[in-house]
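Take this structure, written in structure tokens, and hold onto it; I'll ask about it next.
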Amino acid sequence: MLSDALQTVLHLLVAFLLPPLLGGLIARTKAFVAGRVGPPLLQPYYDLARLVRKGSVISKTTTWVFKAGPVVSLASSMLAILFIPLGAHGPLLGFSGDVLLLVYLFGLGRFFTASAALDTGSAFEGMGAAREVSFAALAEPAFFFGLLCLCRITGSFELGTMLGPQLGSAWIAASAPLAMVCVAWLIVLLVENSRVPFDDPRTHLELTMVHEVMVLDHSGPAFGLIQYGAALKLQIYAAILVRAALPITTGNALTDWLVFLAGLAALAIAIGLCESTLARLKLTGIPKFLVGAGLASAFAVILLAR
Amino acid sequence: MTQVLLVLAILLALGSGVPALLGARDSNRRQRLGAGLVVAAGVFALCAVAVSALESAGILDATVTAGWLMRACGLDGMQRWFLVPIAILGPCAAVYGTGYWPQASHPENGRKVSLFLGMLVAGLMTIVCARNTWPFLFGWEAMALAAFFLVATEDDNPDVRQASWHYLVATHFTTLSLFAMFSLMRAATGSYDLGPLPASISVSLSNGLFLLALFGFGIKAGVFGLHVWLPGAHANSPSHVSAILSGFVLKIGIFGLIRVLLWLPHPQLWWGGVILALGTTSALYGVVAALGQHDLKRLLAYHSVENIGIILMGLGVALLGRSLGRTDLLILGLAGALLHVWNHCFFKSLLFLAAGSVVHAAHTRTIDQLGGLLRAMPWTGAAFLVGAVAICGLPPLNGFVSELLVYLGLLRLTTHQTGLFWLAGALAAPVLALVGALAVACFVKVFGAVFLGEPRTHAARHAVEAPRSMRVPMAVLGGLCLAIGLASPLLAPLLDGAVSMWTPHAHVRLLAPLGSVSLAALALVLIIALLAFWLAGRLRKTGSTRAVTWDCGYALPTARMQYTAASFADILTSLFDWVLKPVTHLTAPAGRFPRRATFSSHVTDIALDHAIYPLAERGFELLSRLRGLQGGRTQAYIVYIFAALIALLWW
Amino acid sequence: MLIALLILPLLVAVAAFLLPSDRGRAYLVPLGGLLHFGILAPLVAGPTVTSSGHWLVFDPLGKLVLGAISVLYLVCSFFVPGYLGHYNHRPNRFFVMAMLGFLSATSLVILAHHLGLMWVAMEATTLITAPLIYFNRNAKSLEATWKYLLICSVGIALALLGSFFLAYASIKNGLPPSLLFEDLVKLAPQLSRPWLHAAFALLLVGYGTKMGLAPMHTWKPDAYGEAPGIVGALLAGGLSNCAFIAILRVLRISQAGGDGVYAHEAMVVMGLVSMAFAAVFMVRQRDIKRMLAYSSVEHMGILVLGVGLGGEAVYGALLHVMNNAATKGVMFLAAANMHRTYGSKQIADIKGVLHRLPISGALFIAGFFAITGSPPFGPFVSLFTILGQMMKSGRFAVAALFLALLGIVFVGMGASVLAIVQGRPTALASASPEKEKLWSTAPIVVLLAIVVLLGFYVPAPLQHLLMQGTAMLEVTR
Amino acid sequence: MVHLVDALLMAVIILNFIALGSSRIRSSVRVVGYQGVILGTLPLIVHHSVTWRGVVIAMAAVLLKGLVIPKMLEASLHPARAPREARPFVGFISSLLLGAVGTGLALLFAQTLPLAEAHTGLLLVPASLSNVMTGFWILTTRRTAIAHVLGILVLENGVFTFGLLLLDAMPELVEAGVLLDVFVGVFLMGILLKHIDRELSEVDIAAEPMTILREE
């Protein structure tokens, strides 16, 4: 059996060290589908280490806001992940209403990332920033209606409880709404983390990018912070989605952890498969898709009213 | 004692413009003296708050006041809560004014601004501490008229004239509905003293009073549909005036609503529903309309509509809680609304002051003519950034704390088990989240377009930082935003005092995680500091070079290539064009050698341009048709006389 | 003493006739005003004075109204020498005599406690103000004077018929023939009801014509529009109130005769109709003085409305007599200053008064806020009191209409007032040599000070008089 | 006595119809003058006790209403320019019909008012109201200013007729005052008529006179 202290250490390790691995797994999956060998699983770690050691090129136009972008967005993600339960293990921090802190921390990160992009004065980065904040705004209701479903089902506003053991039994009573929430959240995850079909991190045309174009001018350690922050963010969304979809609490800590990690891996592979098989949506089609996702999760809430 | 201090504060504020009025048109010294008087008034008001708090806690007994004065004014928990922000904001605006609108450079209207600014502050203070209909209405009109003259400061500009006219009509309709409301209340209680109405009054009277209060105070607060005066007035007045308008004049509408709602017996469930719905609509409309604006101050003004919406959402939850008998909803909703009153007061006035510095430096309010000001104006830029982060409700600043309380109220409403009222919460909360995200989009747009990147015009390129008299008030307000974000539990006693007016012995901290929020905010600040420290260290170690912005290989980027604010918001505004109803003016390029081609677009106000104007036009048309009655013919006039006579005899 | 109030101004008028110098004659108006006020002040402070034979009685109602008129006249009279000096090419003999005669005639209307005598005095005021309205001696002022005389003559003839009806109401039932008010009030319960009823209708229409209640107000915009500003002030603040007090006196008889419900309701309806008419014509009004005239119609409506409502609204209405008189004085005198400077009274021609004539402009806009019932000015107190009575007696429809009409009037008047005071002055006005002088501003400042004072505080003696006056009009059934 | 009074009152009513039906202003002026004479003498017939003050006032009334005022009005008619015709809005036949209707209505209204025993059967009230109505018709259907003055005079004659019922109640002083006021009023109007005559050109008279001051 794992002791509490050990679990906490494990929790911290999973929270802060695991995230880049998800990216590696996705890349690996895509390579596999494409019939390539692909980069090693740990490539994201190597990239980070390289970036931290590299020198930087900074635009003459920029001010301190440019550097604050990566710092604040990473800091908000780092604080946010402390409130997320990883599998059956409760979060490290929590209070009633921390779910809102989570939403607004992402908002803070977004604010500074987009501002940093605008600080360069580049038309492309401005375009990216505009897309980022617009799509995120439209994704917000979808995410939030889902949270509300969980609040109503569990009667709590604390992420640890909302995604806690009660959720398992709730699936039996309210499977349809919860399923809809999971679908909506998958879409939110893909949007917020700039995945296909909403964005394509591997594209080479700045005009069509969303997230990547915002960070075009960042380099060196600052870019490292951005990459790590993006990985953290993916991990947070993934952890929430996995827990909502697989609310299994066996009571055995080791099993619970394994279930969670397996869920994460499955999600990463699923994202990889998505990216390999789907084409990118037309840019103007994205808002419609997001509004649709929002309506779906609103419908989930209304289903609860029966 | 409290009363004496209050009267002193009000008189000091009221008279603060007199030295300037009696002096030369261009005397900066007199103006500074006036600002000093307003500061003194603020200090006295804060002292009054402290004394009354001590008195009500039983620590101090300093009742030395005559009876009539005790009946005329005083401070209970709610009044204390509302007096503090104006006691801070008034002096800040007055001091700012000495740098922003010095009489020496505005001899034609500088004295007017000084005089009415003091009157405005005095009026606001009077309203807050009034306990009787007469001082309330006197203060109300002093506030309303002073604000009118301030809005009309530059009355040789037609835009200003129009804005001041809209404001004046709106505020007079408020006054008239207050007349009706107060005289009805007097009829019910038999006294002009303000206080709870007897439970013996009928439900329909109570409903009528609710509607009157909602209409009257709603106009003042700028609730959606009644907000028509708000954007123009805020945009066209001097910025320190806009700061008070947005920071506190709107809140006085909320103040009135909160007080009257408390006094009304038979609270109906639909009251809360209506207010919640209005709040949600206002919040959403405010932010959407703000996204479409090209004028910096107009944009901020629409955000006031948004924030008033958030406050009303809290108030709606509180009312629903009151009707449902759920004290927790009441406390959270009301505390959220009240705290947001403070917060909005501080960050919005901070934003207006910062916007004022921008206007002062660059002489334009058009967002797309600014840019890159952060380098020339680091303090102003930082102040604006603080305000922007706060208004978006982002941690670690104050906006988050109050929005959290409102959210908690909504979420608790969502978990209410009986009936279908919980759906109201379930529908409102995600809208609030959407509003928050849209606000982020909007303020990224503004901050980016105004302060970041390259200057777009000559004026923006040659901007200079504001003088110290303007920076200090901004620093005070910004500091307050940060302080409330980091140490909200310190406010709990004062907030409890206010909330206890609605439900006795309220303890906000039992329901709201103020401590945890503060800790989280502190942790966030700490993490940011550590990361910043690390990044600075790394950058120093690995070295960095300066280059032009990477523009996909284009080597000579110019400021005109930057993404404009209008383009930035286009995705969202085009999504909402059914409510913004933009008007476009296009001169298309034509011919082989096209000359000048232009394109411009501006969004209209759905209530003003698509409801009020057409309606008023119709009404005036109808009245004009009756003008023939006075057609100049004596014969007709004599027919009128006999017609009246026959009607009276026939009766 | 009462006779002195009537005779002294006439004596001064005779002096004006004899005095050869136009400049010197102008100063007789303030002299007359001072004399009148000097005699009046102790009388107002003292108890009710009755002349032998009870034909002249100086009762609380009379004290209120004549006091207001005397103060207004005194203040306005200091405006006269400067004003006439400006138009020094015009002979002013008849103007000055009429001004002084006006004082005498109005005093007689208010003092008279005999139905017939009051009528005679009222007709005298009409005749004596006609030359004042015709002061400008052009086609427009001629037309205005003509319409004024004609319409008021019709009205006053009907009032005479009403007075006869009232007298006949007592003869019909074999009562001792007396037209003294006190006797009529005393005998009222025995009066013939049909005659009393018809008499009230005739008198309300007749004196209502003089007062300027709609729809009999039609002469008002023309007369006020073409008369000099100071005459406008005196007509709006003085003469209208004389007619008002005449209606009050008749109302007392009607009340005592048991026909009070009809009388009150008729006044409520008439008041609302007047406000409505005024509202219609104040929206998009093009002429500043006509606008003030319609405002006068509106406020006369408010006066009868208040009295019609009864209760504390009567107090409000009586207080409103003072407030309206002083505020109208402010607005008319300020408008006169603008008219002189801009050479026009068309709203389209007057711009930027706050820049060109800062004091007059500020006073005008303050007067506008006062007259539309904004706190902290006097009219607010009276309007709010009247509104309070509506709510107290549960007449919500009347209250709603009242407030809505006040709103429309505010919008209509405000648009014009702001168009005048805001903006940049026209080139023509900037070129005009006119300057703000002590005589052209100080009287207005004094009047505004009164308006503001009445907003904050009703002095004890005035309060006492108001209570007495209200008690006189209390319904006794 | 009563028959004499009633006969004179009938004459007054008939004069009303003549005034309504006549097209020439000069003859209308004279008609109103005759009315004045009759009404001026009536008090002496109606009054039970003749006092010397009553006689003086009656004489004055006859003089003013029957002689001075008509002469003054005729004098104000500019011989060359003044309109000879009353130029009504409504034709003379219609005017007469209207007058008849008005007189009928006046009679009906008079029926609703109870009279003292001494006065029942007298035509005073109907005649008075008929005059008021006639005055009203003249005022509202005629275009020229002088016709309006006549209308007022007829109206006032009606009021004066009613005053005959009150001879005991009305002090002579007041009666004199009323008379004086009426006279001064008409006198002023006469002066204004002269001014109007001077101000208005032929063209103006042909159009609608005195309607510059109005709301558009």
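By letter and in written order, the chains are A, B, C and D; residue numbering begins at 1 in each of them.
FYI, a contact is a pair of C-beta atoms (placed from the backbone, for glycine too) under 8 Å apart; a residue touches a chain by one contact, two chains touch by 3 or more.
Fair warning: this is a prediction, and the values are worked out from it, not measured in the lab.
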item: Chain whose average C-alpha position is farthest from chain B's own; value: D
item: Nearest-to-centre chain - CA centroid comparison; value: B
item: Rounded Å distance, chain C centre to chain D centre (Cα mean); value: 30
item: Averaged-CA centre spacing for the pair chain C and chain B, given as whole angstrom; value: 43
item: Chain A and chain C: spacing of chain centres that average the CA atoms, whole Å; value: 78
item: Between chain A and chain D, centroid-to-centroid distance (C-alpha), Å; value: 99
item: For chain B, residues contacting two or more additional chains; value: 627, 629-630, 634, 636, 638, 649
item: Multi-chain contact residues (two or more partners), chain D; value: 139, 148, 210, 212-213, 215-216
item: Numbers and ranges of chain C residues touching at least 2 other chains; value: 147, 150, 154, 198, 221, 281
item: All chain pairs that touch each other; value: A-B, B-C, B-D, C-D
item: Contact footprint of chain C on chain B as seen in their complex; value: 108, 137-138, 140-142, 144-145, 152, 155-156, 161, 164-165, 168-169, 172-173, 175-177, 179-180, 183-184, 186-187, 620, 623-624, 626-627, 629-630, 634, 636-638, 640-641, 643-645, 648-649, 651
item: Of all residues in chain D, those that touch chain B in their complex; value: 89, 109, 136, 139-143, 148, 208, 210-216
item: Residue ranges of chain A in contact with chain B within the complex; value: 52-63, 65, 67-68, 70-72, 74-76, 78-79, 93, 95-98, 100-101, 103-105, 107-108, 110-111, 114-115, 117-127, 129-131, 133-134, 136-138, 140-141, 143-145, 148, 151-152, 155, 157, 206, 216-217, 220-222, 225, 287, 294, 298, 301-302, 305
item: Complex interface listing, chain B residues touching chain D; value: 627-636, 638-639, 642, 649
item: Interface residues, chain C side, partner chain B - complex; value: 147, 150-151, 154-155, 158, 198, 201-202, 204-205, 208-209, 215-216, 218-219, 221, 262, 266, 270, 277, 279-281, 283-284, 352, 354-355, 369, 372-376, 380, 383-384, 387-388, 390-392, 399-400, 403, 406-407, 410-411, 414-415, 418, 422-424
